[in-house]
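Input: one structure, supplied below.
Just so it is clear, A, B, C and D label the chains in written order, and each chain counts residues from 1 on its own.
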């Protein structure tokens, strides 16, 4: 029934997510070129805004075409032949690092957690101590399961033992706390369409001075995504000077600048709190209706993605019924749980109102499809959670 | 907390209401004049679309500048000096007819219901039998209280006793069933910003051949809103010919055309059903949390506006807290209930998801402000209602 | 050929005119009600902005639904039974005052100029001296011919002889100099879709304290457009308080506020200068190609509308060919010149680039249709004019 | 003066170019995810539309993140270690191929033309006969100079002598004739922000069955841009099935689909003709005012980019004055002509009206800056050209 009303639909997905209209309208520009003043200004302010939400006041910002994967691949331009990398993987997107490094002949070891679990900090420390790694990659929130890695603690343990610590913050930045500089992380990367709440089209990263010092044409990597080609461009644009290597997503830059403005207006603390509450409200409802989360340990529950296990019904039927009811969830993609879960994304511009209507709808639909849920308990628990947490 | 997220806000108001983005974007036209082909086409299709939702296949459509009140005043151009009118009023907007007619020296009698009540069909019949009225005006849904008048039945009783039966459908058309021609109503009018779900700026009406035959310069009325000035314009535009008396709201015409398209896509039946369900879901929740509705009789509950009485808390505090929580309700305006109720509008592009989040939020806020509500009972009842009615 | 490219089309019309995208996008709001804070703020800032461009720092601003004609009719609410009005008319829109006043039984005298001419100040003075008028109405720029009345001089001569001087500035305000207060004009009115460059939907006026003091329910006039119903609303809104009589064009208010912002950014002086140059460039081209202007005296050429006489070709063919070529002009509407001229509007967001392409296209089209124009002379003269005036 | 009027500005640049509002608005979607039905439909229709404008009914379409450079780099995934490539370069973007291939260790020979010149077909043929190349790359229109290579003729001569013929159509596709299949070209690539008239963010290419058959993980290339990762995704999306490798620019897909719709509406033939006329009109004006084109031979003048040599004035001053006057041109970037030319882009949604106003403005500005131009001659020649060619 709700399908006919497009606007009130909620895209509780993992990116793109529901986007603020003001963000979208900021990109409606009919005649802005890559050397236009407005574009340069939008890039400059976005590069500065990125640094803030990354907690990286002295790092170099990059906004490059593509998304999370292009940002990941760009990190290759900090590695030279012979460098060794440890990939800490909690799922599909952790494993992606392996696929990327393989293409460039980088020597890689990996630590892998089971679906829903995470690699413990002590395990990482142990591995790092046994070997000499140039780079360790961590996934802050594993999008395929919703599990959050304690990157602060891992970094603390391994900071002095490796050259570069790289965090994939695709499913966390702007929704989870990130203090790259204070915690000692060298590179944090994300994508425009996640908790920043913009359309897809850009990969964003910050790099510590040490990481930047390694970027050169002599390093590995291709051409388009090689950070040595973008470094001076970013510096120029941040300084307000038009500069060109390849055409940036001009219109998206305006949307990013607007998103950073809105984040500033909301206050980053408030924004993280909002994500925490929406995530908490959703998990309360899910658990109260008798379902299990994919993430095993509460300390790893993320504020941005919740994997929900189903015991009887076909996830694809749940997704299509939810869609019909005006709420679009994401399919489960972890191979080990194939066909046994769905994901609820809660990133960007979402509110407690979305939490309650998502739980209410999910409860009704699961009930009607035959999943063993206690009708009414989910929505009551979410309402209880909200009562305790926002009023 | 939700205030920072503009897009997910719900405007549960009495008009303007939440508007579909596609409707708004349809009006983003940089260079369309009043004689441009596209505008003529948009008007033509809107005039036709209006006839459909009014259930008036052989009536004349009018779309004039202004809104509900300008449409009401335009009806004066069907009255000549000496004509007598009976105004059937269930509240503020029923009384508005009196104010309008007074300005033109029309002789008026009125039947008035108490706040929350309605004038019964037999009372109207009785009055009409005692006197010779040229026109009787009815208010389909009284916006100030949410009470629905049984216009079909009233019309049946008085059809042969008066010249013109005029229905103010401002708060009903496109949200409540209306079959003007079949029921024998001469004029039904509405405004763009109500259940049609467009921005304000236009009054819309349909008039029976008998009503149209009375329109002439010799009748009462002013200039801008005199239907004799608009009649040929409307006929020309519907026939696809540019025509000018005074400038119409060109951009709004595109939005209206898009709204009629979307209504066609949804299906009018489905749209009415959706309003009924959302209205029902809201009332269930309101009553379950222990509050009273302004409307006294269930048969008069409207699908579009619900007045909710408060016993202890200050309505303005409820409104501002709800607003803060991302849901904007409307203040109560009936003088007899001043400061004792709020209104929930549920017109246009609203869904069951809005119903549940409105009730959940209202429940929490009333509870926190000290109104005696049973926390959890409202949202449970709404969820129950939705379970029974949409799945 | 240009018809396929919508965006580069120029609407050289008399209103709506080409509208800035930022103005249009300002109105794309999905959930703003008539009591929403943002709307109140937009109204407040628009009411203040209006006062500025009217040169009326101590006047009362009104923004009411409708347009130029509704604003004209609203002035009736400053007249009481028995008041006498002098209408000074230079064409179709001057005559409109007669039609309006007639509906309310106002006693009216009129002074009429021939098509293309204007009523001289001394003639007005003479008439005013012979009779006792409560109100004199003037048309600043007569849209049907493009003739500008010297309202400053007329006002100087009659200021002390009449109660109220009312100027229809529909086709002038924001494109021609207007200093209502300094010149001693009581009421100046305009419409949103003219040189303000917004969509149609609002009539705007400023009224002197003396004019305001006459507004009351005891005066003539209808209901919807009666300023006594709007006065307190306007005062409240300007003070930042939500207030309701009938629903205002909420979305348009945001567009007006944005237009006033852009005018402020441009600078009113610069804006008027731009209109003057574009008007001058167009007239240079028109005359150089051998055509005559409708306006007879150069001192009355307006900066906003130019009537162009044709000697051989059918105006409707010129209009459709121009439209085909991406430039939409307005038809001639003065009955005395029916079928013998077209109008070029140059209001709002137009530039010298529009002037040159309009002249170039007009020249080619007239030539091809058989009008005796010297191909190349028009565009050369416009280029010459621009060389002398903007570089 | 025109700077204050944003909308009427013309972005006569090399990409992004002036974009149709309807294209931009098509991307204003608040809740569309990468697996949403609407997105899949938009991709499907864009992939089909691409094939049409490429003249490649039996080729495989790809739409990948990035732009022209990412599309170029993706071609590496058709090469295996040891393959030899001949790069035919007429300037900066021809040379870019060398930089790309170098990163992957591909063995490359090159033929280079001087600035403004092009490598003749017979020279390419000769080189190809002397060596065994797997791939030859050609640049259809060299953006840095505006020179068009006769790719049809080159292909004819070398078709049977090489495995793969790859054409960079970044500055030509949708503005110049392209019949990939008929002419025997294996790969043609372009970018969204050029003559397609969309925002930047996507590289688009078509590949012949032979080219597709070479795509595999065993070939060279990185990860994100490797076509083996995208091939099945594209096939699925074209077939209407959601599919994921990395997130595509979802919102841009809607804009591309709309652009392809508008191209269909205009007719590809008409679109190419329009580009030809606008290009011709601009060149006429430029030459008539006494300036030289960068492109040396008339047969190589492109319909999309015109390089204009300046003899006395500083190009950056010309650019800033033009910008001030509402027309943004592109700087010259060919190192051999550094500081001695500017580029006029005329791609996408441009019209003869833009040609005349560009020439008129350029003429006035060059004159005022001291360049030896004959004031009035440029605009007269353009007007003459348009008279002969469109009326």
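Just so it is clear, a residue touches a chain if its C-beta (ideal position, glycine included) is under 8 Å from a C-beta of that chain, and two chains touch if they have at least 3 such contacts.
Just so we're clear, the structure is a prediction, and the values are computed from it rather than from any experiment.
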Chain whose mean Cα position lies farthest from subunit D: B
Which of A-C and C-D has more C-beta pairs touching across its chains: C-D
Centre-to-centre distance between subunit D and subunit C (centres being mean Cα positions), rounded to whole Å: 45
Whole-Å gap between the CA centroids of subunit B and subunit C: 34
Between subunit C and subunit A, distance of the C-alpha-averaged centres to the nearest whole Å: 53
Per-residue overlap in subunit C, given as positions that touch at least 2 other chains: 6-7, 10, 18-21, 25, 28, 30
Of subunit D, residues touching subunit B in the complex: 7, 21, 25, 28, 30
Partner subunit C, residues of subunit D touching it in the complex: 1-2, 4-8, 10, 18-22, 262, 265-266, 270-271, 273-274, 277, 325-327, 349-354, 356-357, 360-361, 363-365, 367-368, 375-376, 379-380, 383-384, 386-387, 390-391
Touching residues (chain side subunit B, partner subunit C) in the complex: 6-7, 9-11, 13, 15-21, 24-25, 27-36, 65-70, 73, 76, 99-100, 103-104, 191, 193, 199-201, 221-226, 244, 246-252, 328, 330-331, 333
